[in-house]
Amino acid sequence: RIMRPDDANVAGNVHGGTILKMIEEAGAIISTRHCNSQAGEPCVAALARVERTDFLSPVCIGEVANVSAEITYTSRHSVEVQVNVMSENILTGAKKVTNKATLWYVPLSLKNVNKVLEVPPIQYARKEQEDEGKKRYEEQKLDRLETKQRNGDVIFPIINPEPHTVGYSQSSLIHLVGPSDCTLLGFVHGGVTMKLMDEVAGIVAARHCKTNIVTASVDAINFHEKIKKGSVITISGRMTFTSNKSMEIEVFVDADPFVDEPRERYRAVSAFFTYVSLSKEGKPLPVPQLLTETEDEKRRFDEGKGRYLQTKAKRQAQEQQAARQ
Amino acid sequence: RIMRPDDANVAGNVHGGTILKMIEEAGAIISTRHCNSQAGEPCVAALARVERTDFLSPVCIGEVANVSAEITYTSRHSVEVQVNVMSENILTGAKKVTNKATLWYVPLSLKNVNKVLEVPPIQYARKEQEDEGKKRYEEQKLDRLETKQRNGDVIFPIINPEPHTVGYSQSSLIHLVGPSDCTLLGFVHGGVTMKLMDEVAGIVAARHCKTNIVTASVDAINFHEKIKKGSVITISGRMTFTSNKSMEIEVFVDADPFVDEPRERYRAVSAFFTYVSLSKEGKPLPVPQLLTETEDEKRRFDEGKGRYLQTKAKRQAQEQQAARQ
Amino acid sequence: RIMRPDDANVAGNVHGGTILKMIEEAGAIISTRHCNSQAGEPCVAALARVERTDFLSPVCIGEVANVSAEITYTSRHSVEVQVNVMSENILTGAKKVTNKATLWYVPLSLKNVNKVLEVPPIQYARKEQEDEGKKRYEEQKLDRLETKQRNGDVIFPIINPEPHTVGYSQSSLIHLVGPSDCTLLGFVHGGVTMKLMDEVAGIVAARHCKTNIVTASVDAINFHEKIKKGSVITISGRMTFTSNKSMEIEVFVDADPFVDEPRERYRAVSAFFTYVSLSKEGKPLPVPQLLTETEDEKRRFDEGKGRYLQTKAKRQAQEQQAARQ
């Protein structure tokens, strides 16, 4: 679809969150279609996880985003979908790859939302495809268990914080979940949640460096708990790490299903977003270093540095491999 | 994309206007891309006309609408686009044709919005395709001239009207044109206008028969004048004709570009919408007859009857032809 | 949240209605949460009244609006909420107070929408806080009774009106109430109604003075009657008074619940909005005087003048008191 002014920031770059929402919608359509392709209980595919994804080039207002999706692996209870986004300038005809994302969905019964149904298996062109898919499946399963334990943290407000500290840029946004945010099952679309997370992360990044900022990448996101229509969700973001030209922001989503079934507030999702700062000409700018004060902040900074170095090493390895081929 | 609660009326049927907006967006993308496919002045394709279109079957919340578009004819300064909409129930896999629409676009220069550029010619598989396209082009050109003259009418308000009279159901809506309603040139997307027109027509129809109503068809719509960002547009609708099971509503769009360049209010678009009334089970219901009071109302009723009988005759001829083949 | 292009008028100033909608959403969340904080029947807090509120400074596209809410008083069946809005320019770090609003909510049972539940009492830090709250409670109760009687007026259309008369700028808007406009109970959010009222009032003001206009204040608004999903609402506005640099516009909301339960059209809300006209540099401009023609228009002008002088006197008294302290 054509990118509109409301999809973009003041510099005209489309929000990463808008792209993430489109990706998730495409993934939900193709996996729901697949899971209902054989006679049996009707179901809706719910997003369980998005793998780490890089934003390779910014999209601008007036460009057309083309989204294509393909199922690449099925386990007994889950579907792996690969989604590609190309942006096209229909005036010049120029096309660029914007995004490649991998998403995992789980089919939930339309009659009993707590029942996970079986997924019809797909046919693989080659045996290796199945083996590689299985390996990815095992890896993500492990990672989901790990993050489930990490999820207990809370963001405390800080009064009169100094510039460039963690407390200075941290931000929260509250959203009341309406009908258009939800699937047929009455739970929030994963894409809606990711769009709000990107909005908060963007505010944190802009507060820190006071320039035009764009989403560079999103770490793997796990959706542990569903969020029901009528809930109030609080999305909080804080900066965890800065390199010379990038910022890492941790975002938490907490849900409060306060009307229907007064249950305790719970952590629904958490993730790391990476942002870069751009000049008016679209060139990357240096980022002010994050000032860490408490022990926890220092620890999180070091952990963020670890993730940063790991990603960098992985990318270099890929580039070398590509050069060799 | 997936149809959401906000796209539909209370009975869960998606508004014809939502479908028209999607059709126009697809048409604008493909024709803008085509008109920029050769080196030259960059341009944006502006909607000039939509041919009469029937809504063959209603779309429901949760279904996916698949839109495909194809360029079927080019004249020197205009592009004909054929857009097909299929609705797909991703739970059952059932697909239905919802809509087939033909739209005409004109390329306007991005630098000088009043300059119409030349359209790169397309290649036809067979000579007859070009000839048939040319015939359609000549026909629509004639029709556009005719409606341009009809456009002078105004809807006068009536105080304390009786049920089932024209004055009882007539309705107006004002809308302030925002950035997201507009193309890169700063003029309202044709699809946005059509969505608002369908909204007003639907309110007129619902006020008349007080039941659940759906769009059955839209007559050809000509876009004579552009509408600028920041304008206030008034969309007015009045019922012109009722058959046993359908209602015809005339809709006018008037624009008021009052902020930037205080110009007189002008008529931008007008069209006829046909609605049917549906029971809870989705069966067509009888429609209360429209009570006409003035000479003008009687004349418009007769003209509406003429259009109704003509369409009916055309459809029967097509069905007989289809049966013979 | 970040203010987007669609939240603002052509000059980049965010609509007062967008702010009012955010304020109401925050109020609804905090009061619904409070009313469900003790075991008992689940309920949703419905807006009963908004006290007069001033827009202290305009908000621009790209700024972040921070909304905070606090419960300041509870009676047996109602909750008083104080909401503060700060706008923050995240590039410069500059913050301004935009708005301070006081809202009254009433808890309605989720099972039986006509049943008003009891409100859990709050604890006051000092006895005086409770006494002042009680005084505010009694005052607003009285005022609500008064406006209930005023509500019978209707706006009649005028044909070919002269510039600067009441008939020239009066405007109506119809809106079909969709799912996203409604609470879990299926009734329109008070904030949605206020946003539409501000939209009509803004169009009236812009038609009168043909410049860029912004909301300066809103008088107390009482919500006497609920509006159900699927209703058509007509929002009408007419200018009642002009001072040298401000315009007062009276806005009515009428509801037509015509589909489910064909009931007579009824007046749901009414209120006074005050607007000012701004130059391109953001300075207040003189406003053309309103030309009153009928006796009713002259009477309403005088009443508007009374409200204007009263507000002016109150503000001056406050400023003197502030200067003395």
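Here the chain labels run A, B and C in written order, and each chain numbers its own residues starting at 1.
In the analysis below, contacts are C-beta pairs under 8 Å (C-beta built on N, C-alpha and C of every residue); 3 or more make two chains touch, one makes a residue touch a chain.
A quick map from chain label to UniProt name: A, B, C = palmitoyl-CoA hydrolase.
These numbers come from a predicted model, not from an experiment.
Taken chain by chain, the contacts link every pair, so each chain touches all the others. Two copies of one chain, subunit A and subunit C, form a contact in which under half of the residue numbers belong to both partners. The distance from the centre of subunit A to the centre of subunit C, with each centre set as the mean of the Cα atoms, comes to 37 Å.
Looking at subunit C, residues 5-6, 179-180 sit in touch with two or more other chains. The touching residues of subunit C, counted against subunit B in their complex, run 5-6, 9-10, 156-157, 159, 171-176, 178-180, 199-200, 202-203, 206-207, 210-212, 229-230, 232, 256, 258-260, 262.
Subunit C contributes residues 1-2, 4-6, 25-26, 28-29, 32-33, 36, 39, 42-44, 61-62, 64, 90-93, 110, 179-180, 184 to its touches with subunit A in the complex.
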